[in-house]
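The same subunit A turns up in both complexes below, where it pairs with subunit B and then with subunit C.
Let's look at the complex of A and B:
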């Protein structure tokens, strides 16, 4: 394990930023935090997490896929991609770190999404262990240990010291970059911090949420549940939950008319929207009940059924905090318990 | 109050005045309350709640609910009654299918507002005198109620119910609020400063449409921005100004109809002070056409859909735009 004085963290940031792009969670001036490109003087937030998840860096809200240009009677087709720059995403929490693995299962299976893949290859994820989880946190339900986050490298801020540990080759390369600033250290302070954090994690009100029975075996029972009507009754049909979610990965592909050509882009989509998966005959999910059901069936049933039991949720709690009507995956899972147990 | 409301709801369900009750339902924590329809005394006893976290304006749900079979009881806070009235005026709610019970409100807050004050890990909240006493995973915290309210409640415009069939408690008065103070500050800025202010605020928009979908004035059957055939439906911004335009267009569309209920700013996940756009319109309408509060009544002609000889001339734009 390596150590750095907390006071020297800005020096570390400067050093990293001098070699590649660095993003850290910083206050946005409006009471929340967001991942912001590091420039001299930018400070890391003391907020637990950002409103927008870290998925933005691998799966941005919009991106151009291909350009078509009319030249006389010819159509020129070009790939608008430029080589991505290497970047470090610093201060990612354990929940978001796990979300990358879930997104990998969507974008890195055959056929590989090369746009996503390129960003993943260029990015180094340095996670930060949680010490003060919120009541809305329930990552432990998904086997995530907030006290020992995954990632390429992880760090722990304890007292006046930051401890670092590499977990992958990329993580080792990151520590090598900043090695002039680091000293060797034992891990006793980190172990003590983890013990303390895990005690708090044990006290979290949602830690006992059980997803037993949510899977392919109960698909139809869950799909046909009468509870959906009640649960979706006051849903506004906005996209807040889907856009702040680190694992929501649905997108739309559309053409933008530039006047003498077309830019084909993709953008985040939301199953809550009326034109989601709209086809020639319309939206197959005609009411909000069906759209609402889709979101939770996807996360709790379809995704695990297709991905060895892995749920499409990491328990980050963003939807709990941000839904305008406070309806969320925890309430849904609890309401549907009776159908599967 | 909660007990009185439950008793009233049971009474009106019991004597068949109504067949459903629109109110608020408890959640996992104290603050995560969801609007809900109750159909029986058992449901009311089990889940009905009314406390400082019942901020949701229930009026808009009545567009749909008042078209269902039977009559529905709705509990409306003073500011919600303005939205209700405005929707009546726009013929969006079937009045005869709604039984309105006015309830008092002494200001609302939400989990986000408490967290903005630095409170972490909320496990319980109770009110003691003028304070919220908050139990957290990290110890007990005390916040003065007045410091933890939603912005709209710190600038409450009225404690008066402008419409009701029945009232629980005493009715209040229209208040002299300071709600235009921030608008005045924006007006005092140079155009460049003001432009920078809004560019910064609106740059955080993620286009989740929560502001639009919660807004009682945004009651179009199909929003032009959701309509593929409109030619302007875009899920992605073509440039960095498109999201800005969305909010500006929306503000224009609700101008003269927005009651300043503040739901847009309450629900914005990015804390964009959207209410300021609407308040600017309200303030201008007040000064151009005389004091007007949308939703105050259901009969009068609204200033922007009326003509009088005293109406301001278009040239006022040039006179005012010269700062």
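Let's look at the complex of A and C:
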């Protein structure tokens, strides 16, 4: 394990930023945290998590896919991409780190999404262990250990020291970059911190959420549950849950006529929206009930059915904090418990 | 599969045939004059006019056609209206092929085949029908039941009369919804006509048409003693990516664009009825 004095963290940031792009979670001036490109003087937030997840860095909210030029009846197609820059995403929490693996299961399976793949290849994820998980956190339900996050490298801030540990080749390369600043250290302080954090995790109110029975075997039973009507009744269809969610990955593809050619772009979309499935001849999901049900069925039943039981949720708690009508995946799972027991 | 699946290829429209007042059939080749890609019967392709839109269409020509691909498209929205208004020589973008296909080389081989189509639902089946006609020795009896609102709404009417009806071992039953001057054939809806015809239970059924037709025809077939395992259909849902990632055509644990569009009815029973 490597160590650095906390006071020297800005020096580490400067060193990293001198070689490649660096993003750290920082206060946005309005009381919220977001991943921000590091410039001299930017300080890392002490907030537990960013309002938006870190998925933007691999699956940005909008991105240009293809360019077209139209001339009479002729069309010219070009790939607008240039080589993506290397970047370090620093201070990612355990929940978001897991979400990348879930997104990988969508974008990196055949046929590989090369837009996403390129960003994944160029990005190094340095995670930060949680020490103060909040009441909305339930990552442990998904087997995530907030005290020992996954990632290319991970760090632990304990007292006045930051401890580093590489987990992949990319993580080792990162530590190599900053090695002039690091000293060797034992892991006793980290072990003690992890023990304390795990004690807190054990006391969190949502840690006992059970998802037993949420699988392909109960797909139709859960789909046909009468509970959906009540659960979805107040849903505004605003899509906030999908936009803050680290694992929501549905997207739209649209064209924008710039006046000098057409840019085809993709952008985040939401199954909570009425036009998500709307076709010229009608809409198979006629009301908010069907749209609401789709989102939760996908995360709790359909995705695991296709991915060896892995749920499409990491328990980050963002949807719990942000839903304007206080509906969320925990309430849904609890309400449906009776259907699969 | 093309690694850059979201980046389309260029095609050029070399012929436009007016089938009905709202259906045209477009012939498409690559800029080199050859087929843009090979496909199997039942597969689809994403066609687009940049700046107008991109949408999934079934490939109506048979893979045995070595010269070009054809798409029979009903005018019903923004992109399709644009396609209907264009002229021969227009370039379009095309990517695919997407989805699974009718199991012409395994489960359907050696079988008697009954095709049931309504309206534009003939488009995906035409690919199979012509594939089977070109590989006639591999299949048994062939019967086709096709219905439309009126005589003028029958897609591929000329091909049906001049080619399909002239083939040995193929029986074609046409029907229209309402009596019409100049029509001495059957009048009535497809589901009832199928029941009247009492097809032999030896048939494997391939069906495509409006949801209401599918619903009642399936019920009628079951009454006659057909099993869901011997009835295939092809579905359509809104799609954007075509490769099971954008999330739009998700039904249960399936994605219509890659796990479908062809399903057997016993497979559909395992999915939520959200289509």
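Just so we're on the same page, the second predicted complex is superposed on the first by the 336 of 341 C-alpha atoms of A that agree within 3 Å, B and C clash if a C-alpha of one lies under 4 Å from a C-alpha of the other, contacts with A are read in each partner's own complex, and residues count from 1 in each chain.
FYI, a residue touches a chain if its C-beta (ideal position, glycine included) is under 8 Å from a C-beta of that chain, and two chains touch if they have at least 3 such contacts.
No experiment lies behind these values; they were computed from the predicted model shown.
Visitor: Based on the superposed arrangement around subunit A, label subunit B with subunit C as either clash or fit.
Guide: fit
Visitor: On the A-aligned overlay, A:252 touches which partner chain: subunit B = first, subunit C = second, or both, or neither?
Guide: Both partners, subunit B and subunit C.
Visitor: In the superposed arrangement, does A:74 touch subunit B (first), subunit C (second), both or neither?
Guide: Second partner only.
Visitor: Which angle, to the nearest 10 degrees, do you get at the Cα centre of subunit A between the Cα centres of subunit B and subunit C?
Guide: 90
Visitor: Classify the contacts of A:277 with the two partner chains as first (subunit B alone), second (subunit C alone), both, or neither.
Guide: A:277 contacts subunit C only, not subunit B.
Visitor: Which partner does A:285 contact after superposing on A: first (subunit B), second (subunit C), both, neither?
Guide: The answer is second: A:285 touches subunit C but not subunit B.
Visitor: Which partner chains sit in contact with A:269 here, subunit B, subunit C, both or neither? Use first/second/both/neither.
Guide: In the superposition, A:269 touches subunit B and subunit C alike.
Visitor: Looking at the overlay, does A:220 come into contact with subunit B only (first), subunit C only (second), both, or neither?
Guide: second
Visitor: So, A:206: does it touch subunit B (first), subunit C (second), both, or neither?
Guide: first
Visitor: Minimum CA distance, subunit B versus subunit C, superposed model, integer angstrom?
Guide: Between subunit B and subunit C, the minimum C-alpha distance equals 8 Å.
Visitor: Which parts of subunit A are touched by subunit B and by subunit C alike?
Guide: 252, 269, 278
Visitor: Can you name the residues of subunit C that touch subunit A in the complex?
Guide: Listed in rising order, the residues are 1-10, 50-54, 76-77, 80, 87, 89-93, 236-238, 240-241, 243, 245-248, 250, 252-253, 270, 272, 274-275.
Visitor: In the complex, go through subunit A and note every residue touching subunit B.
Guide: Touching subunit B: residues 28-32, 34, 48, 51-52, 61-62, 132-135, 200, 203-206, 230, 233-234, 236-240, 242-244, 252, 254, 256, 265, 267-270, 273-275, 278, 320-322, 324-328, 330-331 of subunit A.
Visitor: Which of the residues in subunit B end up touching subunit A in this complex?
Guide: Contacts found on subunit B: 27-29, 31-37, 56, 61, 111-112, 115-116, 120-123, 136-138, 200-201, 204, 206-210, 212-214, 222, 226, 228, 233-238, 263, 266-267, 269-272.
Visitor: If you look only at subunit A, which of its residues touch subunit C in the complex?
Guide: So the residues of subunit A in touch with subunit C come to 65-66, 68, 70, 73-75, 77, 79, 106-107, 110-115, 216, 219-220, 223-224, 249-253, 255, 257, 262, 264, 266, 269, 271, 276-281, 284-285, 290, 294, 297-298, 301-302, 305-306.
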